[in-house]
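One structure, pasted below without further comment.
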């Protein structure tokens, strides 16, 4: 099975997220990036499918943030080809609609790839103006199913996808390829690859570049302001030594009738 | 049929473990018998060499016990053939396992990823490296902001920088150094992990990367020597960094301060009345023979009565934290091992100690947790030597809390 | 449908109308009050007609009950919705940020050439313009947006609106599908429910939930002891379940269960919207986290900024 995997970078929530001078976007100079978690799972799922059924994995990414780090890691993990889509704007990441258009073009044009399955993370925590995964399916004119926890290969040209539902339930769905699947989680957590492999990949991997036509950016949405939420007014914060806090909490639990 | 020459296990031993020594193993079993977790391991140290020689490299690489060594160095220290098991054989096997796609335990993966991404094992933002110094009452030289020549480049390291319990010790050391009139500086937010623990756990590539980056970093500054509180970092800087061409004069704080006892002693004015026992940590103890200096420091404190545990000096029982053990208690316990620190605190109580003195940052929280488990909370206090020195200098933070 | 109407995509899960549908209807009533239009609920499925009357906060309830719509699949649902919306209106399509909404709403937006806004928490109409507040980056960043285009498709986070007390005209229109429904490339085979036999966390009075802050599986013991001392059970946010440290039956949040216990103690849980939606209605919420900026403190009644490994054993002791 030939699989295309889309990977993105998102702002790392461990680091402080500063707002830029315009007050309408994150300050990209201050933001640290890491791979979008669900895209990491999409890559893992692709590698698992390749391992069980053969084929190839092509990783596609738009050149924004420190995407090279992610791409070398993908190469080290076993991706066969890496395609980078050039993108000029350093300050503003591509919006989902724009990204979908660019990626669709790149994936359609990889002639010797002819991806039967496109895997992309079901969501990313910085998605505001749309959601990439289903939009990509529309642009590619392929069927879509999202919020998927695990994909099993099926009989010729089909896969079984497990769509997550509330209450820890899952719908077992049959998908006829070609299709786009939005991955929430792979069959197993993303594999670890030792740093020495990543460094080796940095020396030996060649990225392919795929220019795409500039996409329509007018979305009919204007961001007026981006900001941090006010510090919580709701929680009463308890301070002091751990024993003081524990005693106070025990009191509260008693007051509320949780303990005798 | 594979001959000895073509067996992948033998080839591996020949290539990775300094060639000959591993071939010289006589299978005496001293290592396995000395290993504090040996009884719980499917393949204790002796077996690793036996299996590699017998064409069973695959078995040991996929075993759970591969991840149970905590790097205490007892095996290496006692091996009659001088084989460097803890610091070369185990890491090499772990590296090989990961190269073959074998997944290390999840907690360990996360630690490696944290170091790779954030430059510290705790996954904290690099920008918070100096948070420990926010309310420091002595002046701090942040060389990354204002480079200036210093006597001592104090490498604070991960736990002392980020972990709340350790930050108390870190601030005390700042006070002690200042009181001694030492011209010291830190690297501020530019400081990154030294990497001893990830090297022990097999991430050779990550270690190399850290050495390269740290060399570039250190070479920017002017200092006479590096001093660190972190025993593991001391070990890596002293022993392994030179292998990569990164050689710097480095001292662990215990030997640094012991050398300056004549300046330090007059400042130790306040008595600290306590029966204290010192836990020899594996990195400066067994590996570096720094046994006397910590004791000299403790004995210089008025009021301290020093007692020895039955297992002391080169026979000290490891706390179980080194080499990744910090993150693998779960894995170890799941496979029949135990938290060594739980045993160790009981050994301290047995000799009537009121205070368990340590000199490695991993030990503080491990032993404190263990006192709770062993029912010794408030009966056995755990203190870094620095805290006791600072207390005697009337600078100590812990007692004032 | 008119350009002032508010369309709500109703959802039925395991034969019950989803809570979020009632919330969306409440929101739609407010918006319709400002636009002067109607609230139109769209209920798709098979055997769902009986739920129509519960959607009485709407003015029109369009029911398309067909066997081909029995189980959710994006293509047929999308085809029906696209056709229903037609060429005029609505002003706004409200969909829940759910497993169904996240699949269908963005595609509907693309087909209608309508902007799609994700992670919405607040929506209001101001003249010709929609004013929206969205919460991204795990709830750490808010964005105020203005949307002038019509229609606009909004993915609403659970808990953003309150169900409406008011009733609408509540006219039920049962229609055949406006388009021919073909079995598409994506077909439903069966529903896999979680294995019975484990604890039902939705029935517990006390839950102690662990999040990423627990760090190691080994540390879960500390949380377990607290749960035991309170006569409660352990629960967890998604990262813990993904690691396999607890079974999926213990998961609280968007992908797991919605719980409303007497007491919910969140340990090392950051409070991202996907988790909060599963526990926000608990009677008493106590949160312990080392990050003072963690969004969990916005929903908790009491908060402690500390390492759970320090506080929790002390608390367990204090309770005993």
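To keep things simple, chains are lettered A, B and C as they appear, and every chain counts its residues starting from 1.
Quick note on the criterion: contacts are C-beta pairs under 8 Å (C-beta built on N, C-alpha and C of every residue); 3 or more make two chains touch, one makes a residue touch a chain.
Bear in mind the structure is a predicted one, so any value in this text is a computation, not a measurement.
Peer 1: So how do the chains connect up here, line, ring, star, complete, or something else (other)?
Peer 2: Basically all the chains touch each other, so complete.
Peer 1: Hey, which pair has more contacts between C-betas, B-C or A-B?
Peer 2: A-B
Peer 1: Could you pull out the chain whose C-alpha mean position is farthest off from that of chain C?
Peer 2: Centre of mass proxy via C-alpha means gives B as farthest from chain C.
Peer 1: Could you name the chain whose Cα mean is nearest to the mean of all protein Cα atoms here?
Peer 2: That would be chain A.
Peer 1: List the centre-to-centre spacing of chain A and chain C in whole Å, with centres computed as mean CA coordinates.
Peer 2: 20
Peer 1: Centroid from C-alpha atoms only, then distance chain B to chain C, rounded to Å. What do you get?
Peer 2: Whole-Å distance between the two chain centres: 47.
Peer 1: Measuring centre to centre with CA averages, how many angstrom lie between chain A and chain B?
Peer 2: 37
Peer 1: Two or more other chains in contact with one residue: find those residues in chain C.
Peer 2: 243
Peer 1: Can you list the residues of chain B that touch 2 or more other chains?
Peer 2: Residues 106.
Peer 1: Hunt down the residues of chain A that sit against at least two other chains at once, touch-wise.
Peer 2: 189, in rising order.
Peer 1: Mind pulling up the chain B residues that touch chain C in the complex?
Peer 2: 106-107, 164, 327, 329-330, 333, 369, 372
Peer 1: Quick one: which bits of chain C touch chain B in the complex? Just the residue numbers, please.
Peer 2: Touch list, chain C to chain B: 215-219, 243, 307, 309, 313.
Peer 1: Which residues of chain A touch chain C in their complex?
Peer 2: For chain A paired with chain C, touching residues are 11, 13, 17, 19, 26, 96-97, 122-123, 125-131, 133-135, 137-139, 143-147, 160, 162-177, 179, 182, 184-185, 189, 219-229, 231-232, 234-239, 242-243, 245-247, 249-250, 252-253, 256-259.
Peer 1: Would you pull the chain B residues touching chain A in the complex into a rising list?
Peer 2: Chain B residues touching chain A: 95, 98-99, 101, 103-104, 106, 109, 112-113, 116-118, 123-125, 127, 202-206, 208-209.
Peer 1: Given the complex with chain A, which residues does chain C contribute to the contact?
Peer 2: 13-14, 18, 71-75, 98-99, 102-104, 106-107, 109-111, 114-119, 134-149, 152, 155, 184-194, 205-206, 230, 242-243, 248-249, 251, 254-258, 262-263, 270, 272, 283-284, 286-287, 292-293, 295, 297-306, 310-311, 314-315, 317-319
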